[in-house]
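Alright, structures below, take your time with them.
Here subunit A shows up in two complexes: once beside subunit B, once beside subunit C.
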Partner chain A sequence: MSASFERGYNAFKEVLDAPIASFFSSCVHCGLCAEACLFYTETSDPKYTPIHKLEPLRRAWQQEYTVLGRLAKLVGLAKPVTDAELAEWSELVYDSCTLCGRCSMVCPVGNDIAYMVRKMREGMSAAGHAPEGLVTATKRAIQSGSPAGVKWATVEATIKRVQKEFGFEVPVNRENADYLVLMSSWEILNYPEYLGAVGRILNRAGATWTLAQDAYEATNSGIQIGASDLARELVGRIVGAAEQLKVKCVISPECGHAYTAIRWEGPNLMGRPFGFEVKHILEVLDDLRKAGKLKLKGTLDKPLTYHDPCQISRRGGVYEQPRTLLNQLAPQFREMHETGTLNWCCGGGGGVSANERAESLRLTSFKRKKAQIEELGVKTMVTACANCRVVMEEALEHYHMDIEMLGLTELVAEHLDEGKPNE
Partner chain B sequence: MAHDAPTIAETLRRQGISRRGFLKFCATTASLMALPPSMVPAIAAALEKARRPSVIWLSFQECTGCTESLTRSHTPSIEGLILEQISLDYHHTLQAASGEAAEAAREAAMRENHGKYLLVVDGSIPLGNAGYSTIAGISNLDMLKETAAGAAAVIAVGSCAAYGGLPAALPNPTGAVPVSAIIKDKPVMNVPGCPPIPVVITGVLAHFLTFAALPELDDRGRPKVFYGESIHDRCYRRPFYDQGKFAETFDDEGARKGWCLFKLGCKGPVTYNACATTKWNQGVSFPIQSGHGCIGCSEPGFWDMGPLYKPLSMPIAPVQMMVGAAAAGGAIAGTAMAMRNRAAKKAAQAAHQKVTVDDLEKAK
Partner chain C sequence: MTPLELLTWARGPGLSIALAICAFGILLRLFEIFSLGRKADLSKAREHSPGSGWRTILSRSLPPPGLMKRAPVTYIGGYVFHLGFAITLFFFVPHIELVRGLTGLSWPGLPTQVIDISAVAGLLALIAVLASRLSNPVKRLLSGFQDYLAWLLTFLPLATGYLAFHHLLIDYTLALALHILSVELLLVALPFTKLFHTVSVFVSRWYNGDIFGRKGVAS
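Take a look at the complex of A and B:
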């Protein structure tokens, strides 16, 4: 088998649901979504208007599921969706959309455009119009366990480094633990300090935790490319491991889309509720703080700001927790002008960072974040998503900006009060 | 007649109106018309010098209510006297002459004051059949055209002349139209109301005498100074509306306490007139103050805008049957479409082939 236009168009018909029908019917063509999209604001090219990115899907809906559209198709008045058109739209659906959902926030009639782009990718990938970079990443994720090709051996190396540096044992495949800790490839490869930080914090809080050999990778390329069958397989690995080890809670790492994948899409893909909780690491940190199990000392006394990862703040609702922590840790914490649920994306979410073809557009779109940082004038930026961090570090280098990036979990671990063991 | 008549000021003084009283009238007029105080002397000077303007008053399809209102209500106020002091050269109801003598008076006034006289019209003009309304054998349409030809300006008094009024109510059996539908080449001012407020006429008259022009009009041809604000915005019961306090019947506690009459069908929110500020009968009262909602008599088409006692927010016609039928039809069509769409989606799901990593690219 292989990808084909017929499979793609059939997927359009499959994903068109009541919400999408009502969204398309409600659109008042006001164009507000354009101004909310960094690919439009930084290029001024109207083709990047978010709702326009859905045009083939909209026509499929009209021609398959509406009376007038069907009539028009019957008498040959409708413009059919073609394979060439989908090829043209590949850039709009994959390169110029990070699924950040800022357009969904400003839509005056409440259309969730990001939801529709996600659904449209189902048809695009089945028709063979997903970008090469994402296809490769998805293949690696399915075949080797991680989109970056990270195998368990690499994880073991990281574990050894952490054990050596911090002097505690990293538990693997431990049953009945409170928390199953996941990582993204970026954390395994670029930021091993994340594992060290989580371990220190959880140990200090007296919580039990574990890694799972069958499920160390939290990200889900299947969702980003828009192939639910593959996304289900990837999320199924985590669900399987968590249920086998009988953990109480799975911690989504500092990765935005991983959180969306496990917390929100996961149960829908599996078609059943999970027997465990899923929390983002920031939620866990804030829970521990509330329970008095996270004692901090000292502060980082320099001007800094927080970059909200879209999937965590806007799409995930975790925007108060990082601020509570930062207000405690950083007296000079300042907000960017547009922040929280109306933040601007780093430009590399939704699979864009894995899509080499989109690189120059991604760097152009970063100008929005660049302007925000320059307006604020800080030299340190904290975030809670390893993908945001990698994308921004790369762009900061490209623009010769001397900005230090920090992960919030690490920052918390650095200020952990380890005076005496908890209870 | 107009050519040898004394000035307005002379006449007024002869009637026993003091100079002080005259100036007070001028000041009131200026403030009513929203003119600056500096205009008062100008008005006084203009009125003092003005000869009695010739006015021809034509009554077509009407009830004479406008005339009753204008000539009686303010007597013997200065406004009333001003009205009396115009040279009303032709007016069915008021003139002594009849028959051919009456028509001769009209023709004489038209000849002598050509291009200078004011034409006041009350009543609508039937276009359905010229014979529906005639005066001295002349159809209303012909008389209007003939008389308007030499007029300086035309004032359409009352809702019939301004918008067609009750004669034009559905199904409009006489084909009644307002003055503005016929006279296109002269300034036409509408003074709607059923009847309109007398002071509006005298104010406009004073304006015309002072500035030799009609005051500024809105998009419906009404003088903005009198029709610029809604009854609702100027109503003394407005605070009750804002607080959500409404009379539910004409004899309940709310009605006794003078609460808002919106729910009893008051059309104040959509009616533009000066009733709430100038009031009637020398400023004694106006309908809402007397406990009855505004019926919107100065608005175009008020006669067809639904029951007088239904709140504005209620539909005009009984809609239950229609809504029921539409809902039932919609439900059936919707169900059919939903079933069809559900089947289409099921078919698409059945046609789904599981996507593997090898299916992400087209066959080479």
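Take a look at the complex of A and C:
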């Protein structure tokens, strides 16, 4: 079905639920959400106030689902939502929101604004107002299996590299394994060391694992663009592979929104709970540690900090695990001033990094993270999301900052005690 | 109509009508919200979480770290107004007497000096937040007619109550009648303006805490 305003408006009506109605009912226009949003704090432009980004959705709610709003619409007193308005709002909904949910943590009346922006995107994409970069990435993901166009042949090349470098076999399509390992395009293309690290850690722990030829890509641009049908198709590939191979647990890689897509939205997109577990790699590392199966040796003795990927910590609940690991591995681990579930986003989440027209705004918004790093004075930053990493590496380059970025899984693997398993 | 007749109407039929509209409005608005429903979340919630809907209902009353410094007028103005208004409303002895007359319920009041201070503090805070709404670009962008109407409807009961109590400017009977009428306007507007947050805040905070809580996050 092609995009149209009517489809978009119907999608608005479809996504409006009791939580959203209570959120709009409670908003007192205090403007505090702006103070929590890096797109506002770094630009001082009031149009980036989070709740303002939802104005067309709010009016749709008011005019469709409140008695007074419907009366006003009937007598022509209500300002209708128009296609031109949605076109204008595209920048606010896609370029200046990373779905980081920091506003949702500070709103005094408890509005989960990120929840609403995610829902509003369903209508925006149905109306044809999603940014081109994201639309293209989503199409590629549906057609080729990955938003970056990474095909299985590329994954095979990565597998060969890893096998050669680390001397272990990377299992593919193995049934009944403990873990199904997924990757993001970034990990396949830019950070093959991730696969090497996970393999070494799981092998050392005596766990069985596998890759799946039909489901190697964990990212889901359908979630970012706001197209549930496409998101379902992409999640469905992973669910299909996990069920076919009868794995116990699917490991979401170092990628923020992939975790949201599979762990939290996945069962809702598929319309049923999963028979397998979904864990972020940091949760798996922590499980192994607790079970005494993750033995580490040595430390990285230099001042470093941890950047919380929003979808992993604030929107995912994985904020203690990386700290437990870092406290063990890095004696000079320091926290940024605002961190954990109140961290500041890298500026490229929620599809912003794949949206070319948002580039300049994304770099401006990075000034928040820049200030945090400078305040701490460290030269090394660890994270657990390949997208955060790429976005920040690019921005650090842009601002001529000499900061080294590390993936946490990789750091753990580098300090793995690789003596015999039963020692 | 003499001031006494006005007062008699305001105290009698006026109050009943206002309370009826307010109660009906609240039920209607709650129905509007809950009738939209909420799909069951099929993802597996975390077993242990420091967060929950009930927790967030309370915790959202405190500013998150760093925010007080970024928006002091909003926070301090907000606290002083809400506390001043609530103390004046619930602990002024004649107000308690009114509730006792209507429902039989009563509780101890506070000395009039305390009520006086809380009312003045509430009024000053309202003026401060209005000034902030007019001068802060974010608030100005978000504000419409309703925001200023809600402000006025909140300001009037405090202001008229203060005038009546101190026998200032206008005749006491008239001041008292105007005070009660202003409260009635507030009651009528409450369900249909942003003043409805008085009720819906418990719902929205609960949903927020529930959404975050099942993921293991205390919001």
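The working rule: the second predicted complex is superposed on the first by the 420 of 423 C-alpha atoms of A that agree within 3 Å, B and C clash if a C-alpha of one lies under 4 Å from a C-alpha of the other, contacts with A are read in each partner's own complex, and residues count from 1 in each chain.
To be clear about the criterion, a residue touches a chain if its C-beta (ideal position, glycine included) is under 8 Å from a C-beta of that chain, and two chains touch if they have at least 3 such contacts.
Everything numeric here is computed off the predicted structure, so don't read it as measured data.
When both complexes are superposed on subunit A, subunit B and subunit C occupy overlapping space and clash.
In the superposition on chain A, A:240 contacts neither subunit B nor subunit C. Touch criterion not met for A:275: it reaches neither subunit B nor subunit C.
Shared-chain residue A:298: touches no atom of subunit B or subunit C. Once chain A of one complex is fitted onto chain A of the other, the partner contacts of A:16 extend to both subunit B and subunit C.
One of subunit B and subunit C touches more residues of subunit A, and that partner is C. When the two structures are aligned on the shared chain, A:80 is found in touch with neither subunit B nor subunit C.
With both structures placed on the common chain, the touch criterion links A:67 to subunit B and to subunit C. Within the superposed three-chain model, A:28 lies in touch with subunit C and out of touch with subunit B [touch as defined at top]. Of the two partner chains placed around the shared chain by superposition, subunit B is the only one that A:143 touches, whereas subunit C remains out of contact.
Clashing C-alpha atoms with subunit C appear in just one stretch of subunit B from the list 74-82, 308-316 or 344-352: 308-316.
Shared contact residues of subunit A with subunit B and subunit C: 16, 65, 67. Taken together, the subunit C residues at the contact with subunit A in this complex read 28-29, 32-39, 41-44, 46, 49, 56-57, 60-61, 63-67, 70-71, 74, 78, 133, 136-143, 147, 192, 194, 196-197, 200-201, 203-209, 211-212, 215-219.
Per the touch definition, subunit A reaches subunit B in the complex via residues 1-4, 7, 10-11, 13-14, 16, 64-65, 67, 125-126, 128, 130, 135, 138-139, 142-143, 225, 227-230. Those residues of subunit A that touch subunit C in the complex are listed here as 16-23, 25-32, 34-36, 40-41, 44, 46-47, 49, 51-52, 65-68, 104-112, 115, 263-268, 270-274, 277, 313-319, 337-338, 341-342. For subunit B in complex with subunit A, the touching residues are 337, 341, 344-345, 347-349, 351-363.
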